[in-house]
Amino acid sequence: MSDILLKMENVTTVYGRNEMLRNVSLEIEKGKITCLLGSNGAGKSTLIKAILGLVKITKGKILFDGEDITGEKTHKIVRRGISIVPEGKRIFPKMTVVENLRMGAFNETDPQTIEKNMERVFELFPRLKERRRQIAGTMSGGEQSMLSIGRGLMSSPKLMIFDEPSLGLAPILVEQNFETIARINSEGTTVFLVEQNANLTLEYAAQGYVLQKGEVIVQGSVDVLKESEVIKSAYLQE
Amino acid sequence: MQKRTFASLLVIFSVVLILSLVFTACGPGGGGAKKTVKIAWIGPLTGGNAGPGIGGRNSFELAIKEANANPNSKYTYEAVFIDDECKPEVGVQAALKAASDPEVIASVSHYCSMVAISTVDTFHNNGLADIVWGAVLPAITYGNDYKEVFRVNGTMIQQNKVHAEDMVKWGYKTVSIIHDTSDYGRGHMEYFSESAKEVGLQILSVQGVVTDQQDFTTELTKIKAEDPDVIYFGGLAPLGIPLRKQMVKLDIRSQFDGTSGIKNNSFNEALGPDAEGVISYLEGAPLEELPGGMKFKQAYEAAGYKEPPEAYGPFAYVAAQLAIEAIEKVGPDRQKVVDELATTKGKDTIIGEVTFDEYGQNIVPLVTAYVSENGQWVPLSQSSYKEGGTKELPGITFMKEKGRR
Amino acid sequence: MNNNKILYTQDLSIHFGGLVAVDRVNIEVQRNTILGLIGPNGSGKTTIFNMLTGLYIPTGGNFFFEGESLLGKPPYEIARKGIARTFQSSRLCLDLSVLDNVFIGMHPRQKHWLTSAVFRRSALAEEVYQAYEKAMHLLNIFNPELVKRSSEPAGRLPQIDRRRVEICRAMAMSPKLLLLDEPSAGMTPEEITELMNDIRKVQQESEDITIIIVEHVMSVIRTITDHVVVLNFGRKIAEGTFHEISHNPEVREAYLGKRG
Amino acid sequence: MANNQHEKEAFRGTGGLLLTLGIELVLYALIMAIFLDHGGTTLIIDVILAAAAIVYFKRNHALADKISATLAANRKAAWIGVIVLLLAVPFVLQASAYWLFIVITAGLFMMACLGLNIQLGSTGMMNLAGAAFQAFGAYTAGLLALNYGLPTWLTLLAGALVTGLFSILLFIPVLKTKGHYLALVTIAFQFMVVILVENMEWTGGPQGLKNIPLMNFFGYSFNEPLNLGFITLHKYANYYYFTLLLLFALGIAAHRIYHSWVGVTAATIRDDEVAAQTNGVQVNKWKLTLFVLGNCFIGLSGAFYSHMVGFISPPNFAFDKSLVMVSIVILGGMDNVLGIILGAFLLIILPEKLRFIQDYRFMIYGIVLIVMLIFQPRGLLPFVPRSYAELIQRYRHKLLQGKKAQGGQEA
Amino acid sequence: MSVLDMIIQQSINGLMLGIMYSLVAVGFTLYFGVLNVINFSHGDFFMLGGFMALILYGIADTLGWTQNVPLLIIYLFLGSMILTALIAIITARICVKPVSKAPMLISLLVTLGLGIAIREAVRVFYPRGSDPKGFPTLLPQGSLSIGNIVIRYENVIIFVLGVLVIVVVNYLITKTKMGMAIRAVAQDGEAAMMMGVDLDRTIDITFLIGAAVAAVAGIMNGFYYGQIMFNMGAMMGVIGFSASVIGGLGNVYGAIVGGILFGLLETFAAATLPMGAENKRVFAFFIVILFLVFKPTGILGEKVYERV
């Protein structure tokens, strides 16, 4: 049990009049890549927001590292060691690359740690080092995506959530991103990968869940998922 | 269920009916030893002009209290205070409120000209005597021939005529005018310009400013270049204070003359030493010079009012007295009170003799110049600034320096 | 053959600032067919829709609808020519009733305006009645439940029904060309199938309607489209039947995934 | 279909009728008592009763539904009752012309707000220059009557139309800006108009226009007491009845516009301009039309005012009045004709009654505004989805009659 | 005075006016960036700043702390800034934040209502609050002349102080961690939260800065004009908002540019146009409308592409 990093138990959320998530239970194992598949609007983003405390949870609870974080404020949850690479990158467009990275380490007070983490990011993405003074909004989509991942690494997180890292990227870049994710994972960070692109995701993940209309409909190891009819018919072609 | 609903409905309905009957029955009539007569007071109690408004209200109330304390009076008087917020629209409602209460026999109303001019019709149509206690626009009395409208204070015409004549007497030749764009400021500017032309003063420029303006450096910089003997300001204290302050700061040493609108305590309080030597004009004689004046002052203080009566308090006081006297004489009948007031001639009051002309305007014999000395408004003739006095008006000093005198 | 083209574009391009969103795209759409428009997110599909409906003015190229260039025409005029669309994230007026939402689709055909509204109520009543019948008919095709809930605010409907209402709104215009932007987002495979059947039913019912559909769910594209255009980075990289493009290596590389 | 359901739940027959009229009468009595009571006791009693009623009905939905069903079932009777009671107002307030005047003032606000609602509530165009547009109407009517001696009906009409015309001055900003920016445009316009009116000669400057002829229709002067033979009412009764007439006409017009394609189009523009455009709506044309139309209503209320009081001046049309108008629309309920009437009643008449707290009045006004908006942001009577039952019923009825006529001929 | 002298002298006047407008505009810009709300009550915090200083001066006066003038001035500024900011934070929590997600109409009306409530509260609770209140003269009153042009020490101090305040604000926003949080929230609030930024605290700090700067403007206004009044915030709010729009909403330096431009516009309209003095606001507002229509992003704002 102790190797479960994050656990959702029967979580239900409501937005406006609609239930966005219904009784979702999910476990993320330490050191592994867990994926969450689902189509647009299936509730994947809501699930991430629920973990981060950005939407109200009406039922159920969320445990991180064995501690109950349900209803806690976002910045406190983040401080526990969760970082996110949000959907659509969501870098701060009017800040420089370095400032963006510093935002990633917002709660880190030790300047040396920040320095160290930044070095690690620059090592991972030499491209960012070249452009450290550039305003982030003026960079290309690929570079922004690197920055977004780098920013997520800055807080030395225990759990890193990737929300659709393939979104709007050229296939080569997508594969590069996935390689980076694998590398991050191999260096010891637990990864929660939320994707639409089932093909690629299932190659990297160890286990996963499929979300549909706010409910988990399939779960299990990658092999189980690959055999699932739902995924076959809707997400994997031919 | 239905039956019960109906029963309760019936009960509610009859209760309401009885209640409303009671309310209407509370109307005119009633008995008692002394009949109660209501006199309305209308003026600004909220907003930027609440200061003089409250002074007027207190003075009015003082007159009512005195009448009630007098064992000889035939009636018990009740004051009805209505706020006009210095807004015409609200003023009309206020006047109507007074007029539609049949127990109100006379009304002492309005400090703001704009409001007073908008309500004359209401008073006329309802046959209610309206004694204006503060508004100075001539048209309030002269703009129509409503016999219901009276005014105890003077008009801008009188004030500015005397003012312009005095300027010539002091030897000034050139004037720059600043006025606010309200009816008060613009009216003063117009009547002053007229009188100034008559007596041969040269007007260098006329500039209007909006009533919520704070910064006059632009206008004053222009004036500084014109280098006038006097700056004439038509407007109220909220503008007069920063204007004077900035004049001092820009080192403009021309004489600063204002209208009745700045003759109040806040002007001296806010400016401190910068107010020294500023002149303003007010209709009527100074309180201290009149027989009842000091008595009023003492009575006012004795009544324990925190706020000063301000410039127009005595007028509200006199207006109330006139109304009470008329009611004592002819009884609580609106029409008769109007007729009675029209006959007022040479009545001795704390503001001097009151005589209403055919328009109901008090032909004030006197307009008094005041000067701010040591943080007080002092009648010029009693101050150290009087001709041959110990001090010299700043404007005179200035002209001497410039060699214009 | 030529007069059978209901819509074609000539080097249609647009850039925002320095970003080239759509780059010299040429598309032809045959009358009474369904064209699939696929490609990764951000490849310019929705942007093309926005240009075809006049919301964006192309910075280069041209497009022709029924032989007439509609370049630079305001959206309402384009709509009146017969192009209707739905939006990726549904753009219903959530406070308005379902019925009102469908009615706005009939806007170009309505004749009775201000004076009728105030003075000639019976003339208006006739038009309202006809519109009502038509709306109910459309709603009934997509979901009979919607007929019952037609006077409820659209915001109270579940996501899928909102999509249906939005398609009804577009259909109410009796368009010649219908642009569907990811109609199946957030639906289960069964629901998608159902929706596609409904769309097909609508297509069969009206004698003259052409559809362009943007979709991510390949099963939909496979089953309903006659022709598919694949976009990547604002460029057209392939076109053909689904079978053809699904075996195109470049498409597999860019979109479908080479391993899939 | 919907009607049948109502009838099932409602109190039926004479009982229902009596209940309807009873409710109206009680409400009426409670409201009129506020006016007649010199102090504030009735007001307090009313507030307590209203609060109690709200709490009671919130807990007891069934009864509330039943009562509203009863009202709906007896619609005709209810309306007749309302009209009779409204006609009786001058009789009840005979002793208090002041309150009659306040009621008329509230009526004028309703008129203006019906117009503002077309812009703000229906189409979503912010207009914080309501008072400035009222000034256009008031000055047009005043100047025409003073300088050219035109009859009242013509000046009222001109007041409305000229206001509409002048609102075209703002048409580029209205079409090109949205949200906060449009709000700022209208605020700037409001200040510009008042300053200009104050500084121009031909508008009478700060002293405004005096002695504007009071209303006179074809020789019937509104300035005389209204003599009905058995009773003589205060002259304001004339104005009251005329306001009532206009309000009914404008209210019905507004209601009908709401329940028509125009209403649907406006609402779509408000909720989603892009969706409207792609559905063939000429957004600019409609925005402009409705902006002008709304301003015509506002201008009419201004023209009416100038002919009722006979005096207008720039402070009559200051920014805070615009603010009050917007508050009425938002508090009453956007895009809801009845909401406007409730809003005007609450924001114009109640503060008048609150005069006894003089000094604190405006502070409380501000606080109440905040509290209401935070807890009831959609207004007291939020808008309800349009129902076409009436129109469709009407058409069906016509069809039916047509068939009957045919059938008759055949036989 | 030559024409050139006149132009220079009037420019100085315009700058003085403009710097105060700028300080108020800074608040509008900050609030809009962070909360996406136009806070129409902001002008009243400008007024409140002046009154707080007056109250503090009264306290100091009764305690006899008036000998050391520089210390007194610092005490007035700091005290008033803190008190005003405190009130701003409380009101923001109660009234502004709950409606920041509501339709713009609601937030507009709520903040307008808040402005009325504050203004009236001052009028009612401050002794004789409806009168204009004299403000103590504490700044040095001399002047230096360059040719015909008179520059007062006071003007120099106020101008320098104003620019300094804006520079400090800009430093806080661009160079500190707290400022980084504010900017991050302004650009993407949710993403900032995901990075661990405490949103509530950031909003509080934003209001703290905005209100404190407005308070500085209020005190400067008092020193410069020698009087403050309960209703001086209403117009200031409208002008401050206009200035921030002209400069470009969301840009701190834009607030300076907008404020000074508005000040110069008013001054030169009054000085040069016929009937200019009374109609200068008409002119200034007309320019504002032109800006809103033709360049709504302001002078220093960036072009934003609307996503459909």
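Each chain gets a letter, A, B, C, D and E, in the order it is written, and its residues are counted from 1.
FYI, a residue touches a chain if its C-beta (ideal position, glycine included) is under 8 Å from a C-beta of that chain, and two chains touch if they have at least 3 such contacts.
Here the structure is a predicted model, which means the values were calculated and not measured.
Undergrad: Report the chain whose mean Cα position is at the greatest distance from that of subunit A.
TA: For subunit A, the chain whose C-alpha mean is farthest off is B.
Undergrad: Report the chain whose CA-based centre is farthest from the CA-based centre of subunit E.
TA: C
Undergrad: In whole angstrom, how far does the Cα centroid of subunit A sit from the Cα centroid of subunit B?
TA: Their C-alpha centroids are separated by 74 Å.
Undergrad: Calculate how many whole Å lie between the centre of subunit A and the centre of subunit E, each centre taken as the average of the chain's C-alpha atoms.
TA: 42
Undergrad: Report the inter-chain centroid distance for subunit B and subunit E in whole angstrom, where each centroid is the mean of the CA atoms.
TA: Result: the chain centres lie 36 Å from each other.
Undergrad: Taking the mean of the C-alpha atoms as each chain's centre, how many Å separate subunit A from subunit D?
TA: It comes to 54 Å between the two C-alpha centres.
Undergrad: Return the residues of subunit A touching two or more other chains; collapse runs of consecutive numbers into ranges.
TA: none
Undergrad: Can you pull out the residues of subunit D that are in contact with at least two other chains?
TA: Within subunit D, residues 195, 198-199, 274, 359, 362 contact more than one other chain.
Undergrad: Can you list the residues of subunit B that touch 2 or more other chains?
TA: 46, 181, 208, 210
Undergrad: Per the contact definition, I'd like the list of subunit E residues that touch subunit D in the complex.
TA: Spelled out, the residues of subunit E in touch with subunit D are 32, 38, 95, 98-99, 102-106, 108-110, 112-118, 120-121, 124, 238, 241-242, 245, 275, 278-279, 281-282, 285-286, 288-289, 292-293, 296, 308.
Undergrad: So in the complex, which bits of subunit E are touching subunit B?
TA: Of all residues in subunit E, those touching subunit B are 1, 6, 9-10, 13-14, 16-17, 123, 128, 130-135, 137, 141, 143, 150, 152, 154, 221, 225-227, 229, 231-232, 234-235, 266-267, 270-271, 275, 277-278, 280-281.
Undergrad: Mind listing the subunit D positions that touch subunit C in their complex?
TA: Contact set of subunit D toward subunit C: 253, 256-257, 259-265, 267-268, 270-272, 274-283, 289, 293, 383, 385-388, 391-392, 394-396, 398.
Undergrad: Give every residue of subunit B touching subunit D within the complex, in rising order.
TA: Per the touch definition, subunit B meets subunit D at residues 2, 5-6, 9, 12-13, 16-17, 19-20, 23-24, 26-27, 45-46, 82-83, 87-89, 92-93, 96-97, 99-102, 114, 117-118, 121, 125-126, 137, 139, 143-144, 181-183, 185-187, 208, 210.
Undergrad: Tell me, which parts of subunit A touch subunit E in their complex?
TA: Residues 52, 54, 73-75, 78-79, 83-84, 86, 90-95, 99, 102-104, 106-107, 151, 155 of subunit A touch subunit E in their complex.
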